[in-house]
Amino acid sequence: MSNSTGTIFTLTTFGESHGAAIGGIVDGMPAGIEIDERFVQQELNRRRPGQSAITTSRNEPDKVEFLSGIFEGKSTGCPIGFVVYNQNQHSQDYENMRCLFRPSHADFTYHEKYGIRDHRGGGRTSARITISRCVAGALAKLVLRQIGVEIHAYTMQVGNVGIGKDYQKYDLSLSETNAVRCPDLQKAAEMEQLIKEVKSEGDTIGGIIQCVVKGCPVGLGSPEFDKLHAVLGKAMLSINAVKGFEYGDGFDCICARGSEQNDVFYKDADGSVRTRTNHSGGIQGGLSNGQDIVFRVAFKPVATLLREQDTIDMEGNPTVLKAKGRHDPCVLPRAVPIVEAMAAMVILDEYLKNRSVR
Amino acid sequence: MSNSTGTIFTLTTFGESHGAAIGGIVDGMPAGIEIDERFVQQELNRRRPGQSAITTSRNEPDKVEFLSGIFEGKSTGCPIGFVVYNQNQHSQDYENMRCLFRPSHADFTYHEKYGIRDHRGGGRTSARITISRCVAGALAKLVLRQIGVEIHAYTMQVGNVGIGKDYQKYDLSLSETNAVRCPDLQKAAEMEQLIKEVKSEGDTIGGIIQCVVKGCPVGLGSPEFDKLHAVLGKAMLSINAVKGFEYGDGFDCICARGSEQNDVFYKDADGSVRTRTNHSGGIQGGLSNGQDIVFRVAFKPVATLLREQDTIDMEGNPTVLKAKGRHDPCVLPRAVPIVEAMAAMVILDEYLKNRSVR
Amino acid sequence: MSNSTGTIFTLTTFGESHGAAIGGIVDGMPAGIEIDERFVQQELNRRRPGQSAITTSRNEPDKVEFLSGIFEGKSTGCPIGFVVYNQNQHSQDYENMRCLFRPSHADFTYHEKYGIRDHRGGGRTSARITISRCVAGALAKLVLRQIGVEIHAYTMQVGNVGIGKDYQKYDLSLSETNAVRCPDLQKAAEMEQLIKEVKSEGDTIGGIIQCVVKGCPVGLGSPEFDKLHAVLGKAMLSINAVKGFEYGDGFDCICARGSEQNDVFYKDADGSVRTRTNHSGGIQGGLSNGQDIVFRVAFKPVATLLREQDTIDMEGNPTVLKAKGRHDPCVLPRAVPIVEAMAAMVILDEYLKNRSVR
Amino acid sequence: MSNSTGTIFTLTTFGESHGAAIGGIVDGMPAGIEIDERFVQQELNRRRPGQSAITTSRNEPDKVEFLSGIFEGKSTGCPIGFVVYNQNQHSQDYENMRCLFRPSHADFTYHEKYGIRDHRGGGRTSARITISRCVAGALAKLVLRQIGVEIHAYTMQVGNVGIGKDYQKYDLSLSETNAVRCPDLQKAAEMEQLIKEVKSEGDTIGGIIQCVVKGCPVGLGSPEFDKLHAVLGKAMLSINAVKGFEYGDGFDCICARGSEQNDVFYKDADGSVRTRTNHSGGIQGGLSNGQDIVFRVAFKPVATLLREQDTIDMEGNPTVLKAKGRHDPCVLPRAVPIVEAMAAMVILDEYLKNRSVR
């Protein structure tokens, strides 16, 4: 069931870019939660194409319809089926891709694995299928709200333009006020400029999204193979175009000594145990420790270029690929809500699992 | 079942550092495989403490005993139970830790989650429990050998001493000839020197392990949530002290344009499809593409220092921790076989899963 | 994920009787299978209400729409999403049930578990949700056909009218020629007469469905907890109104000695190993042995009666229930295709799992 | 992972009849439970051979050793590994079975599935491997005690000697006072006599075990595929020699009308909702309804006879089997604790799962 994720709060998805619909089933939604469908749609809108000059010009309404599991506005504990019908597809834009393998896409590997593939718009491997994740993530957020957990993801770096890891100096809500979703408005403008330049060259660019989870209870996560950061890492690495994941000090931890890295405990005035620093990124021994959970996700430049590229066809003959269609020059602005959605699902799932440990 | 990993080839583990034994059950081992117990023990020996001046001086024999699933030297397809009895434990070294929370360890989080913990040697959160992973990984390697898959992990960087990502210029087998497990003998000596210095200061240091998987068939991995790199990433992030995972160009991908990152396909003389570069790290669309799979794992400095540290006890009173016991100043040399073991388990599991897709 | 079933070939379902739609996701369908949508719809039609005088008079078209996983008529290996929109609902028929607990229905238990329930037509607990099973079962049958596995279920007994366990004397295809789905036409008429009588009294009646699987390869099923008959049993017991499951000689085995029950092996002229009798019902040690797999499923009388019944409301006050709506007096005729569907899913799943054992 | 069972409270097992040891891992044991090891050993003793004249004369001490997950007498929430070393094996008794297929055993099917098998004492398919179930079941009982759940299984019928389904007229604790484990002492003596007769003829006999679960909270179980009776049914069907499962009125429900079968609700003096009858067997809509859970399990006569039987060898040549070894003429007395153990595991698992539904 590789198209399912989660243990208690679970999502199973279906759909291709140019098929009839994208959708999924959320199983394990706690009962009695008010389902604010407007909020869910808003969350989904955050990943919608056509939002600005730096995202694809496709204009997909992407309206979610709930088919089950909700009765008189509340979750019933039964599975929530939902569907987003595809529209505004230009399948003919992809006819030339039926018989060739696009570089650094999944065409070749899917062809080898399955012997058949839907070549239109990347089929099942299109980032469009993250629609289902946004819907499920929004449902998870509705529950997390009730226990005081907040999740903020934002664009921390695009190419060589970045704002560093220190999020404390920013009002993170500002990230939703600009097209790149960066809380530093000055840097956001620079990032936007960079993306426009890259786009004008028919090229693409990558970057880093940082995510901060506030208010997470102590003790979420599970020992051994399902450590909280391992499950978060898998969730993030499953997002299209992701190449790396780190939490806390991440790869930079190798530059410091243990004596510099260790987070010293103290008892707060309110009686709770805290750490003076947060090199651990809110996770120790695979369990949340009550500090902010902080992690970063690296996205590669989009593989689809609006310029010619050498490649081969299915017989192995050299050919030249000229992408048509409407594509993002940089995936990050639209990936921010997806990072949040995956984080929300993971945190809720671990929260629900944690109810059974004693 | 957070103490289980895998779908077809699975490992479930048990054991604490100072309990009676460490062990596990491998379920899903293909039948009819010759079980070279000497090889398994050798793999286990690679993580054993007391191997050199830069690892802990504990001397644990760590002899694996197989209890089931093997008949007249061959796997039967039934679960393979195994056990490694603990010996040479100095539990009294940890008596002072019964009531305090060591910084950047799991003492506090486990205490909060379970209300009880085995404080001796870190209990379940000790790196000693990776013994089970080495055993299962060795069994997986026995199967992978038969399909021509080879896995090489090695220490790529310790602190600021590193050899870069390009593994093609090294004879990777050299990594097993020195104490730090680095294939560049000159740099290995520098790393060893650095670790000794850090140790003499009662401090610790981290680094990066790179892993290369050669001969992996095309098409391993699964769509959506179980992409090959997501499953590998989770496996690596579940290893003690890991703070980050990246594959292919990883976090560095943000410095390049899409036109520089894309791997161009060509048909090889032998008729197989290859890529001219391998920025993708052998994985495209979440599936192996037949090139070398390449990934890196960041390890933080060990949290246990042989110097005094401020901390608090379970009541929240400030206190000073002075670790006794025998500890590694750098986890990397002994983590190399664990990275390989986890990679072997993941690749074999995906190989077995792949048999059912068409 | 209690709304999912299977390991490799999996079905996850959603939907309530009076919600927007019933549907599901099949994950793990092998790639490259021709999807005969007409066949799937026919299978679904077999459970449709309104087929005869002895089933409910509801007239639901129940048209399945496939939303993904099929490209140019073939399965792609990606998840197959499907949906059946609800129509012809008379939700007002159930308004009086909002506040009371129907006897031997799930109203009380769901209310206690979830604190909320969709009372209309039984909500999630309606037999209508088996629609998804029929669709997935039909997809499984398309694969099983290619490996020569055939599945025949039929009504063996209604009340005290039965035809015994010996299916060899019948042309099983005759079961589809009459309203009760019994291959003995004489007895079928008697059963039909009995159901009509019971219905005329506003009462209901139960019975036994027998299922025969022919052509199943040797060795399907898994040791210990997932023995083939255990997985089949769970699948059958999960069907609405089922009270018992037995295979081979079943409960009657207690009347015989071991010397009478044992099935003696012999080597057939074609070189295959067979048994002279089949008390084992085609399963030995939890694995298929190549003989016909034979099992029986007991269905209770439908709990909804078209006569007054005493019950209580949600406050515990005594009240009288008078069911409106359109209901089946006997569930068996429409349950036959569901038994087949569940059997098909189980056999296919075990077939796919079996590819990895050596 | 067919050698695992459960979702939150899980058991994974290993071991063969004549291998080094039988054992398992319980993952998901709630933390902080006092582990009464003497009680666990007593439960295990209940299935031990050599208890009376009607069970096998093998004398296996079967002493359980806990290897992890328990600290200072309490569960820690970490996996509990345990092992029972095999002793008193007479492997040479089975040498003649290396090359032939015993009738109605798993020799043939395992040989076909795996291409290799441990022929000694039935290997993995021996009833001896239920040792692990007894240990895990005893641990589950320790938790269930704290929430007031009691489980009583007993022999209800052997051959044609039975005491009927009505358990209310018996003091169920009396079942542990006699060799057959039947609460009716008169009938117990008759059953014992029957078993002795059958044994003296070198033959074997089957029967029915009934199990009653008292004090189960309302709402345990899960919708759709994991209905409580479906999960219980699978657990019971996974026990060696089981041929059928039914709950409540079971197969007898077909003799009654709906109006006779329905259980009428009323509000008890203590304010709780009860049913006047319990045809439902304590489960409605797949969820426990607070009444006693009642189910029955049919066991076939043991396949190993102490008389000659015709069979074939691995080449298909006819041969005669003459079992040596020490065998039970009737499996029921020793299966009673296994039925209880499986029931305990299922109920606890569903109890823990239920904590997450709202």
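Per-chain numbering from 1; labels A, B, C and D assigned in written order.
FYI, a contact is a pair of C-beta atoms (placed from the backbone, for glycine too) under 8 Å apart; a residue touches a chain by one contact, two chains touch by 3 or more.
This one's a predicted model, so the numbers in the text were calculated from it and none came from an experiment.
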item: Selected interface, B-C versus B-D, where C-beta contact pairs are more numerous; value: B-D
item: Most remote chain, CA-based centroid, reference being chain C; value: B
item: Chain centre separation (chain A, chain B; CA means) in Å; value: 26
item: CA centroid of chain B to CA centroid of chain C, Å; value: 46
item: Averaged-CA centre spacing for the pair chain D and chain B, given as whole angstrom; value: 39
item: Sites on chain B at which at least two other chains make contact; value: 2-4, 13, 28, 31-32, 77-78, 113-115, 124, 223, 357-358
item: Touch list for chain D against partner chain B, complex; value: 1-4, 6-7, 10, 12-16, 19-25, 27-28, 31-32, 65-69, 71, 74-81, 83, 113-118, 123-124
item: Residues of chain A touching chain D in the complex; value: 8, 28, 30-32, 77-78, 223, 352-353, 355-358
item: Of chain C, residues touching chain D in the complex; value: 2-5, 13, 101, 103-110, 112-115, 124-125, 129, 157-160, 198, 201, 203-208, 218-219, 221-227, 229-231, 233-235, 237-238, 243-251, 253-259, 261-267, 271, 273, 275, 279-281, 284-289, 298-305, 307, 309-312, 316-318, 354, 357-358
